[in-house]
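First subunit A sits with subunit B, and in the next complex the same chain sits with subunit C.
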Partner chain A sequence: MKQTIGLCIILLIAIALTLGIGVRDVTLMDMLQAFIAFDPTNPVHVVIHSVRTPRLVAALVAGAGLGMAGTVIQSLTRNPLADPGILGVNSGAAFAVVVGALLTGRSDSGWMSAMAFPGAALAAISVFMLGGGARGQAGPVRLALAGTALNALLLSLVSAIVLARNETLEIFRFWVTGSLAQADVRPLAGMSVTAAIGAALALLLAPRIEALSLGSALARGLGTKPARIQFGALLAVTLMTGSAVAVAGPIAFLGLLVPPLARRVAGHALRRELLASAVIGASILLYADTAGRLILAPSEIRVGIMTALIGAPMFIFIARRLRPGAST
Partner chain B sequence: MRGGLVLIGLLLASVLLSLMIGQVMLSPVQLWTGLMTGTGPASLTLRVLRGPGIATAAGVGAVLGVSGTIFQILLRNPLAAPDIMGFMSGAGLAVICGIAFGLSLPLPLLAAVGGLLAAVAVAMLSYRRDAAQAGLTLILVGLGIGFFTSAASSFLLTRLSPQDASDAQRWLSGSLAARNWGHVTQVFGLAAILFVITALQVRALALLELGDDLATGLGTRIRRARYGLIATGVLLAAAGVAVAGPVPFVALMAGPLGMKITGARQPGGRLFSAAVTGAIVTVLADLAARSVVPGLQLPVGVMTGILGAPYLLWLLAREMEAGDL
Partner chain C sequence: MTATALKTELLTLGYRDRIVIQDLTLELPDGKVTSILGPNGCGKSTLLKAMARLIQPLSGHVSLAGEEILKIETRALARRLAILPQASKAPEGITVADLVKRGRTPWRGLLAPWSEADAEACERALREVGLADLAERAVDELSGGQRQRAWIALVLAQDTPYLLLDEPTTWLDLTHQLEVLSLLRERNRAHGTTVVTVLHDLNLAARFSDHLVLLGRDGLVETGAPEKVLTEANLEKAFGLKALVIPDPVTGTPMVVPR
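After this line comes the complex of A and B, so read on.
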């Protein structure tokens, strides 16, 4: 109970900071008024509505989605280094965006996000399979290396296309520099719904995923069908990470940072862990975004770079603590 | 011995092929006249257009191949290579830092400092009291350092002016475009020095491969020998990075491929075959990068990435099958 309140307060402060800090600082009073009594002639209200709220929603969708996806995938693989970014969602999305632009010549952001989603999903499933996920052997080293290999392949193909066809370069540049700053032109509504479906599926399956992580023989004894649960969990992960990439662009390592914190707060019940992951993921992304906007103001550090700079040391820290003899 | 000759034959064949193919196709006869008389289109191709790039590719491939093999023997793990363990992206980050902060230091020096710092970081961070699974921890920590340095590089890229950024981006993907004989001299000069240093350490490498206890028993100062070999390996990788950028996967692939062709088992033979195989791989990748899209020179790193990633996946599948991973 105490933890729940604590988490909510942390998230609320993050939301207030995101809405409040910027070129034009906004007071709490303005924020409330902008939502309760919206006045289209008041520039402050317009800024909150058209710029900062989309940014906030994108961060909530991406942060909560990536956090929950990280917890699901770690619990499914029993691998503390599993992360949607390591599963290749970002390079898969980049590849799909560039190929889509090359084939159709379209470059509007709605179309790009629509391409990003299947790209991210396919990459995630491929890495999971290549890393031995189907046989329940997706250990830290395997998954990380399979992800590294697929990332390298996809990014090589992306640079080949981008350098060969100049018109795709601009699109790609927009895409890779994409951050929460462009949230207002991305398809927020559709992706929020998709992410919510993924989250609901994950919460629904949580007890069975837990049973599965005890080992597939035991899970079968408890009456679950391992292959079906794995498929469902992977589907949930894909829905959540795909929509996260579509609204926020490439964001690395959030799925790695969140699960250990969630476990500490919520204990070892997966459903509680998942809810905590959503709140923690959204909070971390909002704070990282705010910090990225403040450190080098008036210019911005992309939030994806912020999370990578925090997340990579975390990856090393966890790698060091892996117990010898633990499943590799 | 016969395997070695086969490899050298393959290298000569790929260099010849690479000289012949391009926007202007040349026959071996034309190349020969161009080489002998110093006139005609073939001469220009040899001296300016294709010659320097191909020579640089061979040199870069050779140093990267040897570097990867040193680590693979030392850690007894086919996954141990400077590109997987983050040394090459460390070297790349140092060079980008140099561009971003306007340091006027020579690129090899910057790359060497960056590579060595990354190696020190990996070694220190992966140190743990229980030696069990030390190799896997090393690789994971190396991957982590690679993630971090790439993130830092892409951060710096966003701070550069658009022109600098696009140059730096091209360099970071491993490019051999517009190399001149200065680059060739640089990479072969550094390679010559470092190969001699490597040759002096081959005996220690062979002993270390047997295991620490046995090596100590046979009179090796293992700690010193190991540090020396690691430093040599990192400097070799840095020499390659300084000329061509962090070309991925050559260091990883060259050793095992070369071993397949020559059948060499001793460290000396493995290092030699890795050098030649690395050169072949890079020359052919450069050829592919020049000719896949007509009229456009792709970075060579793009081609080695496309060729190398399936190899890494295959290696992973095989290691999993064998239960080593």
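After this line comes the complex of A and C, so read on.
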């Protein structure tokens, strides 16, 4: 209980900082008024509405989505090093963005984001099929192998394209480090709904995923259908990580960093773990973004870089606190 | 003859093109403790898995209390029959209580919250295996015997009238083997639960079981009460083992002494 309240306070402060800090600092009163009594002639209200709220929503979608997706994939594979990127979502999105830019010549952020989700989803479906998922034979190891192979293939294709065509390189190098800066032109509403569906699916399936994490023989003995649960769980992961990459670009580390923190707070009860993951993921992303905006103000460090900068030391710290001899 | 719990008819089991068990017809009594015995590779575990519907037979049938097992809906089956496979691995750092809770899976709807009945079943299971005081400990901090009891508590929490266990005493020292087998027999005596285990130790099996199934490399050798099954001729046939069978000085059940 204490931990729940603590997590919520941490998240609320992060939200207030995101809405409050910027070129024009905003007081708490202004924030509330911007939502309760919006005044279109008040520039402060306009900034909150059209710039900072989209940024906040994008961070919530990406942070909560990546955190929850990481927890699902780690429970499913029983591997504390599993990352939602295992499904090829990020490389699929990158490939779609680059190919989209190459074919249409468009380079605006909204268009790239619109390409990212279908690319991510297609990659995840391919990994599932290549891993034998359609025949119900996709175990975690097969999926990891198929994911690694597809990731390598797609990233080499991306490199080939950006090397050959300079204009795609320009687009790609900005997209590839995730950012929340252009959230207002990205397909926020659709992706929020998509991520929410993924999150609901994960929460719904949580008790079944718990059973599956005891091994498929015992899971079947407990009356579950492993192939179906795995499909549902991977679908949830794809919806959440696909939305995240569409609203914020690829953000490394979050899916790896959040699950061990959530387990520390919630123990091994998957629904609680998932809720904790959502809050922790969103908080880390918001603080990273705020820090990125403050350090080099008035210019900013992109949030994809900030999460890696903050996340890497945190992750090493967590890894060192694991009991020696802890199995993978 | 008591009622039949599990029955196999002309059951043939195997993997790919290797047949492990051929045309086995067998009846296991209801409300009793049955142990399946036999040399390595004779298909004991495969038979147990087929009886829990974890593998599909190549041909033949398995029925549970007269009902064809393939026709029982998955979750309904899990509410009647629990199986503990061999060497299950617990998620890193999980507590005993959280592990045992997962045994309630077949009783929980997708949206139903954790119920009073769920909590009671888990508490009862933890008491039965003597782990009530260690419920909040991590499973991987427990001793081998305690860990195995935690797994058994999981299937006890599943609260089924039929309980199948694949080598529940492997890796345990003698004291812990006795402990595990007595708790299974207590469950049987107290609740009438039908218990079916695969065991390696013939003498322990004879002590704790009402009924034995002895398999050899060429299929069923003998089935029935321990005195009927563990004879010198049957052991020679199943294991190729020359042994003396004498009454166990403590319990009077047959005791196998290899020559």
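Remarks
Methods note: the second predicted complex is superposed on the first by the 256 of 328 C-alpha atoms of A that agree within 3 Å, B and C clash if a C-alpha of one lies under 4 Å from a C-alpha of the other, contacts with A are read in each partner's own complex, and residues count from 1 in each chain.
We take it that contacts are C-beta pairs under 8 Å (C-beta built on N, C-alpha and C of every residue); 3 or more make two chains touch, one makes a residue touch a chain.
These numbers were taken from a predicted model, which means no experiment stands behind them.
When the two structures are aligned on the shared chain, A:Leu214 is found in touch with subunit C, with no touch to subunit B. By the touch criterion stated above, A:Pro313 is placed in contact with subunit B alone, subunit C being left untouched. In the complex of the two chains, the subunit B residues touching subunit A come out as 79, 84, 125-126, 128, 130, 132-133, 136-137, 139-141, 143-145, 147-148, 150-152, 154-155, 158, 173, 248-249, 292-293, 296, 298-299, 301-303, 305-306, 308-310, 312-313, 316-317, 320, 325.
Residue ranges of subunit A in contact with subunit B, taken from their complex: 81, 130-132, 137, 139-142, 144-146, 148-150, 152-153, 155-157, 159-160, 163-164, 177, 252-253, 301-302, 305, 308-309, 311-313, 315-316, 319-320, 322, 324-325, 328. Those residues of subunit C that touch subunit A in the complex are listed here as 49, 52-54, 74-79, 81-85, 88-95, 98-99, 101-103, 105-106, 108, 110-111, 155, 158.
Interface residues of subunit A facing subunit C in the complex, by the touch rule stated above, are 75, 78, 80, 204-205, 207-208, 210-211, 213-215, 217-218, 220-225, 263, 267-269, 326-327.
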